[in-house]
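Have a look at these structures, which come just after this line.
Shared chain: chain A. Partners: chain B in the first complex, chain C in the second.
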Partner chain A sequence: MTFFAKFCIPFIVGVVVLFAVIAIKYLSWLRNLPKKDWKLIFSNIISWRTVAAAWEVVCESLLHRRIFKVNPRLGYMHMSLAFGWFLLIAVGWIETVAYMGFKWVPLQGHVFFKYFVPLNGITEHKPLFDFVMDLLLLFVLSGVGLAWFKRLRSRALGMKKTTKHVLFDRIALSALWFIFPLRLVAESITAAIYGGGSFLTGGIGILLSKSIGVEALSYTYEPAWWLYSTALGVFFIAMPFSRYMHIFTEIPLIFLRHYQLRPESKEKSYDNFELEACSRCGICIDPCQLQSQLGINDVQSVYFLRDRRYNMLQQKIANNCLMCGRCEQVCPVGINLNTLRLNSRSSMRNIPNEGRYNYLRNVDTSSGEGKVGYFAGCMTLLTPNTLRSMRQIFEAAHEQVWWADKEGGACCGRPLMLSGEVDSARKMIEHNKSLFVKHQIKTLVTSCPICLKVFREEYKLEGIEVLHHSEYILRLIQKGRLKINYQRGATFTYHDPCELGRGSGIYDEPRAVIKAVGELLEPAHNRKEAFCCGSSVANTAINDAQQLTIAGKVATELSETRAKTIVTACPLCKKAITRGTETQVVDLSEIVAQNLKQ
Partner chain B sequence: MKHVIVIGGGIAGMQCASELLRQGVAVTIIEKEQDLGGKIRNWHKLFPTFTPADEVLTAVRHKLKISSNLKVRTGCQATSITAKKVTLSTGEELKCDAAVIATGFTLFDAKIKEEYGYGIYDNVITSADLEQMFNEGNVRLAQGGTPRRVAILHCVGSRDEKVCQRHCSKVCCVTGVKQAIELKQLFPKADIFNFYMDIRMFGPGYEEMYREAQTAYNVHFVRGRISEVSPTFDNRLQIKAEDTLTGRPLKMGVDMLVLLIGMKANAHNTLLSKECQLQMQSSGFMQPKDSFLGNVTSNVGGVFYAGAVTAPKNVGESINEGTAAAHSVIEWLEKR
Partner chain C sequence: MINFGFAINKPRAIDIDRNNLRKSNEIISEMPELQACIGCGSCTASCTAGNLTEFNFRKVHTLVRRGEYQGAYEEMNKCMLCGKCRLVCPRGINTRGIVMLIKRKLGDF
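Showing the complex of A and B:
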């Protein structure tokens, strides 16, 4: 048997183009990986990490476990397409082996097996295979059906907004939608003419032969297979240029991630794997407050990644993001959306001015002496209630404190970092770090989560423990160094600051502190799902009125808990929420300082 | 007899009501406080003539003669306003032939600008607090004693995007100059500093008063906003600012800081725009029908405005608008 017919040409061309493009892309990305990343790969490749990565590939690329967690209906849709198609290929291969034995069969022989070997009863296993293949085809078709339905009514699949696509996506999407229905038609016609097929293709085949007649059908036989092959070919050619590149790219991404490769504050070759692993599923759109609360529809992570991938990223898109991390939290591929956006910003506007920060030399406005250093940060200096409360807390705990910036000091560097000016931020970081070392502190406490994040992630402070004031206060309480009067009847609600919660994983400590003072009432969205206050320093694009709109929505949800006081643990969040509500908004340290046992 | 409801019993509302009564129209005034009078009750002397506020209020009150045609409802607010009917917060519905909204403004809450330390440090006060101190004849530091150095900060809650108050509150500049002179009269030896962005002396006699403050009273004016206030070890206040004329940052220890708080649009305006289809400006103040020919007219027939409900205004302008609104109401009633 030759296993070749003219109709196979579109399919063969498609496959050749697909694998050639993928090979070129992956090889060039890998070749351009920095040495550090290659070292990581070599040191990790022969370890349990490879096994763990392989298992994750099965769970994610085939079964789409994470999408299931976010949204079961959407998960089923993706799984039926990915896992169903994979099983069709796998069982198809087994079927060829069962028929031909272990013999080399060209790829099109596997894919169009029904065309080349249509007759029933060739092997005793044929009815069984036909049944399994029909079942799998039905499984995939149910996914295609859901995809069609999703286009019409996205809400039915739990999505308020779906992605707007580019041309290659539309071509690939249309081809994909037709592949399986066309396969059904081609196999049903084959079954009608030659017999075979099971409940699905066989059943439709009988219907067709009865209603249209075998002779009329025979004219449609070849065209049907041509259409099926063409749909496959078009899909394969469009695939590496479209969002469907994610089907393959997620696999190397998972391995590289297990080898500890990560995007960094400057762009690098590894980013390509993350960019092209985005399936543009659009799950990131709904959680975005710029979308849901301000109606801004073209800046979400899916569009950012798309624009960056096709080299058409504009600053106004890159800059219009709160970096709240709500999208990163739900991304089924686990892409580091914030870091990628940051390093894009860095590429677009990191123009360090060498002379600008010369004034920092020898500037030291710190005061006091102690093993514990306190860094207020600029936003705490603008919310002096917090500063005053921290002083009271330190005094009550008899802590000797070195005050880093009570009289004003250098910025922590995070706002510059967030705006992409990474090299300028480094100057701030080096300056502050030298002060911390000079004054020999062992613990660094800050009441600002923005400072906290950059201290922990960029300062590399060896021998100095960095604590948010919520962690520090809780420790003092647990060690008995702070005694607090529990206020019966006092009710508080807590707003999770993005940089503290999703950014640094601190959820329980502030809650524990609040519970030491009074009753805590949780808002509808909290912890990982908490809203952003809207005044994030990461967003330089929206105006104050838009910030206020977001703050108003957040404040409304907090007020709905009917708590008398809104507590947060970030000076910026405090300022933002205060603008949006009549309810009293305070920092965590304030409620502690007000209720100290003397 | 025609019946008009005036919402708000401040100077604009009272002036409007007395004009309407004079024209033979029955009037009901709705006032959310327990007494008529509005904000002017809290002021000490009015710029630029230093006329006691009480004098002006008494004159306006005096004009509003007690008659069977005047009804006053205090302690309640209007929740819905149309030309035919006004609904009160008590749930009551009052029928009418026209309505005038003269609800004025809200003072900006200085606590929102936490960096200035209002409510945190004892000697940080607002311009409204200072008026009250003048009225009580009790201008002194919280710990007792007289101030040797006072800073007056302009534009607190005005022209400040960070608190969503983009507009100019118009009267604070001249109030700052007036209060500086009054302080200087009380404490001739004290240094008084005004920190401003621009000095806007828009009215007759204002510019002259500003000049006099410098020549006759030696009040200092520094162009630059204060950024932060912190306490010093001897319980004074340290302010950080930038002198934008010399382009240098500046630190100064003062005994007292006066915040010239701006005029904020009433939160009530949002309700009016939602419930009654009355147009509101982006600043939150109500939108008059026309800036030239319809300053006291709303976009809804039979509903009029008087005073600071449409924009920051001084006392004289508000009283004039009361008269103008009454005139427009009469015109409207005659056409019916």
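Showing the complex of A and C:
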């Protein structure tokens, strides 16, 4: 048997183009990986990490477990397409093997097996295979049906907004939508003429032969297979240039991620794997407060990644993001959305300037001495109540404190970093670090989660433990160095700051401190799903009125808990939320200082 | 002379008709909110960089608006973008956005 017919040409061309483009892309990305990344790959490739990665590929690329967690209906849609198609290919291959034995059969022979071997009763297993293949086709078609339905009514699948697509996506999407219905038609006509097929293709075949007649149907036989092959060919050619590149790219991404490769504050070749692994599913759109609360529709991570991938990223898109991390939290591919945005900003704005911030030499306005250093942070210097409360807490615990920036020190560098000026931020980091080292502190406490994050991630402070004041206060309470009066009847609600919660993973410590003072009432969105206050230093694009709108919405939700006091653990959040509500907004340290046992 | 700790600038005239206002106009048309500035100086008073140097945000952006660009980019480079000025601005001006815009228009990117 030759396993070739003219109608196979579009399919074969598609497959050749697809794999050629993918090979070119992957090889060039891998070749450009920095040496450091290659070392990581070599040191990790022969280890359990490879097994773990392979297992994750099955769970994510085929079963789409993470989408199921976010939204079961959407998960089913993606799984039926991916896993269903995979099974169709796998069972199709087994069917060929069952018929031909382990002989080499060209790819089109597997794919169009029904065309080449349509006759019933060739092997005794054929009815079984027909049944399984029909079942799988129905499974995939149910996913296609849901996809059609989702375009019409995204809300029906639990998405308020669905992605707007570019031209290549539309071509690939249309082709994909037609592949399986056309396969159904082609196989049904084959079944009508030659017999065979199970409940689905066989059933439709019988209907067709009765209503139209085998004679007339035989004219549609070749065209039907041509259409199916063409749909496949068009999809394969459009695929590497469209969002469907994610089907393959997610696999190397998962392996590389298990080998501990990560995006960094400057762009590198690895980012390409993350960029093209984005399926533009649009799950990141709904959590974005710029979308839901301000109606800004073109800056979300899905559009940011798309624009960056096609080299059409504009500064105003890259800059318009709160970097709250709510999208990163739900991304089913686990793309490091914040880091990618950050290094895009860096490519657009980072101008290394050796002379910059030279004025930082010889400015040390710190006072006192002690094993514990307290870095209030710029924002805390604008919330004197927090400063005063921290002083009372230090005094009550009899702690010797070195005040790093009481009379005004340098910024921690994180705001500059967030706006992309990574190299300049290093100057501040070095300056502050030299002060910490000079004063020989063992513990560094800060009240500002923005500073906390950069201290932990960029400062590399060996021998110095970095604590947020919520962790520090809780530790004092647990060691009995602080005695607190529990206020019966006092009710608090807690706003998770982005940089503290999603950014640094600190959720429980502030809650434990609040529970030592009074009752804690949780708002509707908390912990990982907590809202951003809107004043994030990462965003330089939205205006004051827009910040106020977000603050108002967030404050409303917090007030709805009917707590008497809103507590937060970030000076910036405190300032922002205060503007949006009548309810009293305080920092965590304030409620502790007010209720100290003398 | 008694040292009061501050001094008065030497008198000088800025001739707006002579200055090239193209950049200034571009800046104002991109972020018109800058025109809402009442010159209160809260930004400068709270400024982290201003606390350590002579950097004066109010002065620089006022001069830039009047077409006096000399040295403005270098001055703006002292800013640490910490964002205190934005929090204290009574007019709600996006000061960090202004710093970045002025640098983009007058500098190298």
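Note that the second predicted complex is superposed on the first by the 598 of 598 C-alpha atoms of A that agree within 3 Å, B and C clash if a C-alpha of one lies under 4 Å from a C-alpha of the other, contacts with A are read in each partner's own complex, and residues count from 1 in each chain.
Basically, a residue touches a chain if its C-beta (ideal position, glycine included) is under 8 Å from a C-beta of that chain, and two chains touch if they have at least 3 such contacts.
In this text, all values refer to a predicted model and were calculated from it rather than measured experimentally.
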Clash or fit, chain B versus chain C on superposed chain A: clash
Contacts of A:Leu381 with chain B and chain C, given as first, second, both or neither: both
Which of chain B and chain C A:Leu137 touches, first, second, both or neither: neither
Partner chain(s) touched by A:Ile351 [first = chain B, second = chain C, both, neither]: second
A:Asp544 touches, of chain B and chain C: first, second, both or neither? both
Contacts of A:Leu261 with chain B and chain C, given as first, second, both or neither: neither
Between chain B and chain C, more extensive residue contact with chain A: C
Which superposed partner A:Thr578 touches (first chain B, second chain C, both, neither): first
Chain B versus chain C as contact partner of A:Cys321, first or second or both or neither: neither
Touching partner for A:Leu208 - first (chain B), second (chain C), both, neither: neither
Doubly contacted chain A residues - partners chain C and chain B: 381-382, 408, 543-545, 548, 575
Interfacial residue positions of chain B with respect to chain A in the complex: 112, 114-115, 117, 120, 161-164, 228-230, 240, 282
Residue numbers on chain C that touch chain A, as the complex places them: 33, 46, 48, 51-53, 77-78, 80-84, 87-88, 92-94, 96-97, 100, 107-109
Touch list for chain A against partner chain B, complex: 381-385, 387-388, 406, 408, 543-545, 548, 575, 578-579
Interface residues, chain A side, partner chain C - complex: 348-349, 351, 353, 356-357, 359-360, 363, 378-379, 381-382, 408-411, 413, 415-416, 419, 421, 428, 535, 537, 540-545, 548, 572, 575
